[in-house]
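So, here come the structures, one by one.
In the two assemblies presented below, subunit A is common to both, partnered first by subunit B and then by subunit C.
The block that comes next holds the complex of A and B.
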């Protein structure tokens, strides 16, 4: 599962949706892999404005990446700073969580990731 | 030229390629001009399928001559008339112009396209691979959610193949595929993020709905497991609407302000009643609309299958 995907996910438990603690989900025991994906500066510039930047900063730190700046870079920043462009591309588009868990900060439920596929089906007592 | 898919082993980093569609019967690396002719330039691979040692998920998906030939149809719904109606509708001039006008203004953030229950992945793969011509922008993100784990793996592979096949054109028009998660409808998603939602539901009226989780313990037979997965893909309960009704109740909270949904219905679902109820429940005064934008299988004056577009007019 890609790091970028995590920015769109919350806990699947209905009563957690209204809690800010259910987003972002926290990786645990994550085994990472890196894909080779051709860099696309235009895509990155269009994706950044729709991300929750604070959540991405949390995820990045929790996965052991260098901390991101306080504010998302503007398209101009990206054009000027190739290193930043490359790092964001690598984190968002290339980094995959292959094995591990995603933990809800509100209810504590753990979603397993196996072979790169996260399982959000809930056991019947949580539905 | 032979079509190939690139793989990379996650542990030893070994990379390899397989011919997934020979250009003529029997051709391959040793004799196809696209590999043997030194003047032939092949582009760098767009994507690799990451593969783990010991993973058996993809092993059952023998790659051969068709783009979905890797899909195990004993346990994943095979594309049929309904899937093709979705493809036809999404590529019709009226829908491409509708979607382009809503999603593709120059400075607009990347649209998120989500398919619920992608199955073999043909629809999500098609939209991702042809994002520029269908949605007016290639800066899209696509995501699938399916209760069937085998469908999740199949969709990832089908999408990689479709992107790989589309990359021969000069200007890349494909979007960025995120993942397919195992989950129940839209429950894993953050609120109000989806710009295009596609759902080909289990729409066949049945006496009851199968449970999302596999029945019983791990000792059930492979045949029982497969039957359960296939039943999940078509059994719709009362009027074939029980799963669709659950999705519809999630829809206003899931779509973005510019979002829209494409929902497949069959005649037994009472589509006119469904459309009227959507407008009434979501609020026609708040701009909610539901209209039929594609049909197939005309039988005795009524449409067997149809695609309903659900959206909110900007107020």
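The block that comes next holds the complex of A and C.
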């Protein structure tokens, strides 16, 4: 699971749909890996306005990375700043949670991650 | 041709053996690749985008998204959802670039609003017409899927779903569920009336409800048959549906279902007066 995806995933449990605590999901016992992915500046500039920056700051801290700035860069700043681009790319696209869990802050449901794949199958009473 | 959809649950059909057989067949590889390219053509994405691949399987469709060169607007990043652990396992072995989720689309699409620029689905959504268990109905699963997909796409976003309807009833069931979820929708058929016919459901998310013509985008596409929500919507005009009538009950049920309530499946008895039995 890429950090990028985690910034968009919400708890799938029905009763969590309207709760703000169900996002972002919190990594637990996470084993990280770093993939080599070719940088795609246009893609980063495209998704930047859609990122939930506060959630990304939370995730980054929870995964043990140095804290991100309070405010996101603007797409223009980002494209002009090689270093920032590289850092964001490395966090969002290259950093993967390989094993561990994602925990919902509202209902406590734990989504297992194995070999990088999160299991979002729910027992039917939670759908 | 027998349809595994009719007899098995998807995750049972796509076990380790079938997943490998499916993925290594060069005939299947070619067909899936060409349908994915066709879907991309319909999405018409101008620049690198974030795409959801619904029923991504072993990645035959998704890997095309990663391969689109810059001069054609790519490469795109993608997230894949699939219910079969065996298919996803093959995707891992093939080292696809997309991010993978083990998930049942009939349970919804667990992303926050406006996540994706676009979505594709190649040869998967006909599976939703079969209930996975006695607690779920195809209608409920289709509605959870399309409502979730609608919300997860950004305004102005598109989805293209190639699927294999068993018959016209299924085609109708799927398209009307999409329209009900709010999509502007159109159907496109390549090689119609042959045994190689390919059906694409083209879906658009309107910019805003106020601009009225949500099917505008679909309408502009060549060969696309527009499914107009408003044609059916006419009957929802004020006072036209009699309270207590079958139509009224079905509408209510849909509303309840959208709110996530469990409702009784609609049957030929729905809305009928119950006679006292002697």
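Throughout what follows, the second predicted complex is superposed on the first by the 122 of 127 C-alpha atoms of A that agree within 3 Å, B and C clash if a C-alpha of one lies under 4 Å from a C-alpha of the other, contacts with A are read in each partner's own complex, and residues count from 1 in each chain.
Note that in this section a residue touches a chain if its C-beta (ideal position, glycine included) is under 8 Å from a C-beta of that chain, and two chains touch if they have at least 3 such contacts.
Remember, it's a predicted structure, so these values are computed and weren't measured experimentally.
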Putting subunit B and subunit C onto subunit A via the overlay, clash or fit? clash
Taking the superposition as given, does A:121 touch the first partner, subunit B, the second, subunit C, both, or neither? both
Regarding the shared-chain residue A:49, is it in contact with subunit B (first), subunit C (second), both, or neither? first
Quick check for you: in the superposed arrangement, does A:36 touch first (subunit B), second (subunit C), both or neither? first
For A:98, is the partner it touches subunit B (first), subunit C (second), both, or none of the two (neither)? first
So the subunit A residues that subunit B and subunit C both touch are 1-2, 4-5, 8-10, 12, 14, 17, 23, 37, 40, 42-43, 46-47, 50, 52, 93, 115-122, 124, 127
Please output the residues of subunit C touching subunit A within their complex, sorted ascending. 47-50, 70, 75-77, 79, 81, 83, 88, 92, 97, 99-104, 107-108, 110-112, 114-115, 117, 133, 135-136, 144, 154, 260
Show me the residue ranges of subunit A that touch subunit B in the complex, using the header's touch definition. 1-2, 4-5, 8-10, 12, 14, 17, 23, 33, 35-38, 40, 42-43, 46-47, 49-50, 52, 93, 96, 98, 115-124, 127
List the residues on subunit B that touch subunit A in their complex, please. 8, 10, 44-48, 50, 52, 55, 57, 108-110, 112, 137-139, 141, 143, 145, 147, 149, 152-153, 176, 178-184, 187-191, 193, 211-213
Residue set of subunit A touching subunit C in the complex reads 1-2, 4-5, 8-12, 14, 17, 23, 37, 40, 42-43, 46-47, 50, 52, 93, 115-122, 124, 127
